[in-house]
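Order of writing sets the labels: A, B, C and D. Residues in every chain begin at 1.
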Amino acid sequence: MTDGREREAVTESSTSSPATTSSSSKTSPPADRREFLKGAGLGAVAGASYGKFGLAPITPAAADPIAPPKLSTEKWWPSKWGADDQAGASNHITPAKVIETAKWIKDGKIYKLGHDYEASMPLFGKRVFTLRIPGGPTGGPFGENRLVYHDEFVTTEIGQVGTQFDYLGHIGIAMGAPGDKAEMRFYNGHTVADFSDAYGLKKLGVEHCKPLFTRGHLVDMVPVKGRMMEAGEEISMADVRAALAKQNMSEGDIRPGDGIFFNTGWGTLWKKNNDKFNSGEPGIGLEVANWVIEKDLCLTGADTWAVEVVPNPDKTLAFAVHMTLQTKHGILNHENLFFDDLIADKKYQFVYSFTPVPIVGGTGSPGVPIGIT
Amino acid sequence: MTDGREREAVTESSTSSPATTSSSSKTSPPADRREFLKGAGLGAVAGASYGKFGLAPITPAAADPIAPPKLSTEKWWPSKWGADDQAGASNHITPAKVIETAKWIKDGKIYKLGHDYEASMPLFGKRVFTLRIPGGPTGGPFGENRLVYHDEFVTTEIGQVGTQFDYLGHIGIAMGAPGDKAEMRFYNGHTVADFSDAYGLKKLGVEHCKPLFTRGHLVDMVPVKGRMMEAGEEISMADVRAALAKQNMSEGDIRPGDGIFFNTGWGTLWKKNNDKFNSGEPGIGLEVANWVIEKDLCLTGADTWAVEVVPNPDKTLAFAVHMTLQTKHGILNHENLFFDDLIADKKYQFVYSFTPVPIVGGTGSPGVPIGIT
Amino acid sequence: MTDGREREAVTESSTSSPATTSSSSKTSPPADRREFLKGAGLGAVAGASYGKFGLAPITPAAADPIAPPKLSTEKWWPSKWGADDQAGASNHITPAKVIETAKWIKDGKIYKLGHDYEASMPLFGKRVFTLRIPGGPTGGPFGENRLVYHDEFVTTEIGQVGTQFDYLGHIGIAMGAPGDKAEMRFYNGHTVADFSDAYGLKKLGVEHCKPLFTRGHLVDMVPVKGRMMEAGEEISMADVRAALAKQNMSEGDIRPGDGIFFNTGWGTLWKKNNDKFNSGEPGIGLEVANWVIEKDLCLTGADTWAVEVVPNPDKTLAFAVHMTLQTKHGILNHENLFFDDLIADKKYQFVYSFTPVPIVGGTGSPGVPIGIT
Amino acid sequence: MTDGREREAVTESSTSSPATTSSSSKTSPPADRREFLKGAGLGAVAGASYGKFGLAPITPAAADPIAPPKLSTEKWWPSKWGADDQAGASNHITPAKVIETAKWIKDGKIYKLGHDYEASMPLFGKRVFTLRIPGGPTGGPFGENRLVYHDEFVTTEIGQVGTQFDYLGHIGIAMGAPGDKAEMRFYNGHTVADFSDAYGLKKLGVEHCKPLFTRGHLVDMVPVKGRMMEAGEEISMADVRAALAKQNMSEGDIRPGDGIFFNTGWGTLWKKNNDKFNSGEPGIGLEVANWVIEKDLCLTGADTWAVEVVPNPDKTLAFAVHMTLQTKHGILNHENLFFDDLIADKKYQFVYSFTPVPIVGGTGSPGVPIGIT
């Protein structure tokens, strides 16, 4: 009925942190911090309207918040691409890779692998997409040739709506005490204190991504399961292998720098049942994520809004795959893709080509990738 | 000093139309209309702040405004692509064209042919580009893994700022009486009354564009002229031929559906002298435009904000090339491109690949094309 | 489920106008225009998502569209306040009126007569309200005193969301042929061709309104009806008189320049049942509107989104009271007010004080008026 | 030339914080933090484009950043209005105060004490003000009465542009370690960790402000100085007394809950020399601020963008008056006011009436106050 932009839920979810009333205390006592994190966890549970990252039912932390966060007890930076790197796995796209990839252009057929952008698409949490045409037309007539023209005026969380490409400033981990920006770390160890700015990220912005042109492999789970997968249902390695077999593809043919894509059927809910679409999703978990890392791939993608399973079968985890692949390994992610045309043509291997809109300091990019066969 | 978004100039430029005070008059007398158009012409002169289309010093019309507009005395629609077509020259991109194009991938090198998006780029008229990071970070921590994330919130004339791709709902011609939306016509004869809407164009939106993957030919004027070209300086066919010769390219090798691109040197002003950059530009005129039509090309592009010469040597004309190529022939246009890296490598022929962000009802698209060699 | 910002309904509602395919015809034949208006009428019926003005079920015009529109067969301008006036009924607020009004300050009690602004309020059609806090905090720390600060970044149809004050550039009448901007007339005869601009209205903007400080009279219909009034239920003069009697007020005490306000109970749906709230409303019709004109009042107001009855009992009319009071008489209108506190204290007469936010070229203003007793 | 929204300066100003490369350190060593603050201080110096709070040339902190910030060595909360209070000095506006105030309405004359809102007004740092009219008109025609309408679509830092009213979530103090949100404290001790949220402040939002209706006293410095005051020139108590004497006003007549306003002449630069206007300003310092606290006033105001002197004569301080009055005492502040009409009529005492637009979670409000005499 309403559009999920309710303020109430947020308020509820975020005010439970106790106000420490001691004045000059530079380090709050551990007890307070434990309380705070508990609040944060509860917030996540209540926060259905708090962006997509609040959708998973996450159990509040019972552990000492001063301890390192789960899955991150060890330092994960600097990145394998170098301590100064801001390009992550887009570094895979070398001339040799481009030439290898171009060999897959045989039919000359181009597939649009994403959705159109419009206000009626499923939008997570409080994100919006608004478009207005200023004037009707916007300007003119000018000259004796009487030219007129239209512009369009758009307001939106531009890199995080619709078909969206996550870049390296999007996901991080709070390694330190609650509220400590100097220990909220992103790819290559960069911290919120270091690069987050009201007017754009000062590091890890999507303008640093190299154009992607690589071999894409599609894993279609629908024939394997005989149905659309459901929210919370994890794609296992056994599933991946079953799909590859069904598609007559060899795991060995998936090479470093390639992209791996998953079709779950969840995308059929797009604009048909946005509420269900947003409520969770099937997807990969840490098992497949670790295989992606071993395989040294460039990116993942799916017909879902997060690629990974939501909620995670381990209810204490929130978006563990995002954190593992993007934050720790710089592996990129393309969400809300559309594979129906490829599948109709039984084309499971294709050239994936996508260049993010280089918005300085942006967290991601809009735009549909193409698949060329 | 101020940012060019002054309201005054606009007011000045647009209030000269006489208010016909007769109540039920459906057709204003010709004298009034003549006045109106004069107003519109003066508006264009004064309208340095009225969007890029007011930048050319245009002489007010002396002719009878009831007569058809200059250059448009004949009906130009339906389009060669069919009366219902909304894809224009993107229809050139067939499988055969893709296969022909892919043959040009030899080095495996990818060039970014556009600029990054940021508030400091030259923005025409009153257009804006604003980016804010909501929160710092936007959300989290969530889960025992304590995930945090950033979004970005952008407000802008998204298809008409920075490196920009003009689509078919952008440019039209006022064929009828002043203010008559039913005779303001765009590609394929569509009218403002017909498809312009406050919430997005109902036809000719950029979502109808097919992904572009074609052969690109770059014409570099700087070596020909021995300098950056200047505002108001037109690229002639003789210039084009001189450049092709200098680059050891054959005019005959430019085939239907290809893209033609012009480097004028004007792009060196980008972010270095935005005021001069916006004040006019060198570019092609009707001579080259007609050659583009004869050659049956897919698109034009340049390192300038309009590709065509501004002001036009014929001072009565405003953006005559836009109108001729886009409105009448559905030939597309990519502005504010960046060719320096191609030129440094002496690569004048390349695969041009670009897929517009499919914003429903949008007039254009952001995003940088790539050149692959 | 979705948020009513669907593009589909709009498309449906607006594409029925036939594209006249004759090329140079400057005046379409009457038959085509008749078709067009029929389309416009149907659009209104389908346009539940097309802004609040599409909510009323309006019967398409069967009459000749070349004829003047219903209720507007005669010229209504210039206004009684002079042909150049842009202040309308705010001209009532003279020093004498202010002194007369100030006498009503007896208790020293101030009532807020409007709602807070937030994304969860009922928003009509495709209008939005979005607020983001850039950064967290937005800036700092600065200086050895380590100052930090927050800003807020808002995108919205600012004068037409929540508690809203309609000004004179908001409502007009299409007096001429379909699509003819030169005959779409607003207060004092100003036309869309004359003052509508993509970057702000060039006349009749809300900055021209004088600060309002006048005597307010509240008519509470709930005790008269013994219940909340329903959508489509018109407040008659008999109702007004019954309410005044019940409240021990005299019709004669309502003086020129005063404000008249209506409580229908419909406001109790605010944020509780936004869908019903937006689906229509009770309110005044032309009978009371004509009394408002005779009484020479400054403004009307109500606890509803349009003050007037929607749908109008005459199904061929769309927002006839808006058009009659605002467009023809310059009488102002304040929507989505909140009277519960006044009513709880049985205060039906009060000082109404409101100064619109002077947004140059704006159609209305946000802000809550106060009632002082 | 450009509009001050350059990204470069920001980058420069904010990247000097050293990336602590130690992996799992939950508490960075003091040495690092000292470095960080030094960076922050330098950032402020460079940050001419970083919002108004970066305009003052501030010397980087040499002191130990672990020590309390200058001027804030003692705990200042809870507020005198109670530990739960969110209304601050607007609590002064009681019925008794309203009645006392209303006695000053004698002439019945209303003065608008602020500026119109438009893109050409001086905007600090990267703040923007954009207005678009969607469509032309936005909607219609509807019904046989053929109604049409306009909306306006605005994007802006709405409470912090133009004539602006600062509320209690705007200014705070970083009491703890750099980047520690749990010790960035605002009015009543609320912390960034506690109430700052990407979608609106969860406490101290401007919706908590009570409508202001109080006695205003204007201090005109121009006749005292015989000229416009200059940037960095502080208004002393001696100045205030000289002005009061010149205006035949008694200091004793300034009562608790009243408002005090300063005219410096700086406002004459508005839209005439925006660059100079933004470069600094004359205003009150801590001496007058302390008098305002002693006098127990409701608010301050001026014809400048900060009311207080910028840069502060003590170059280590950034906006010390904001911090002292607003953050510590909940005394409100109205910026960019306009007093010329009052001064022309020699009216130095008036009813100040203003009700903020109650934007939930907003940091301030647009809108012009009125002065009634």
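By definition in this document, contacts are C-beta pairs under 8 Å (C-beta built on N, C-alpha and C of every residue); 3 or more make two chains touch, one makes a residue touch a chain.
Bear in mind the structure is a predicted one, so any value in this text is a computation, not a measurement.
Here B-C and A-C were compared by C-beta pairs in contact; the pair with more is B-C. When you average the Cα atoms of each chain and compare centres, the chain farthest from subunit C turns out to be A.
Of the chain pairs A-D, B-D or C-D, the one whose interface repeats that of A-B, sharing more than half of its contact pairs by residue number, is C-D. The centroid of the Cα atoms in subunit C and the matching centroid in subunit D are 32 Å apart.
The centroid of the Cα atoms in subunit B and the matching centroid in subunit C are 38 Å apart. Note on chain placement: the centre of subunit A and the centre of subunit C lie 42 Å apart, centres being C-alpha means. Multi-chain contact residues of subunit D (touching two or more other chains): 7, 118-119, 126, 132-139, 151, 153, 155, 175, 178, 181, 192, 196-200, 360-361. Those residues of subunit D that touch subunit B in the shared complex are 1-8, 118-120, 126, 128, 130, 134-135, 138-139, 151, 155, 196-199, 273-275.
Within the complex formed with subunit B, the residues of subunit C that make contact are 7, 10-11, 14-15, 17, 19-21, 23-28, 36, 66, 68, 74-75, 126, 132-137, 153, 155, 175-183, 189-195, 197, 199-200, 202, 360-361.
On the subunit A side of its complex with subunit B, the touching residues are 37, 40-41, 43-44, 50-51, 53-54, 56, 58-59, 61, 63, 69-72, 93-99, 102, 105-110, 112, 114-119, 127, 131-134, 136-160, 169-175, 178, 181, 184, 192, 196-201, 207, 210-211, 213, 316-320, 322-323, 353, 355, 357-364, 366-370, 372.
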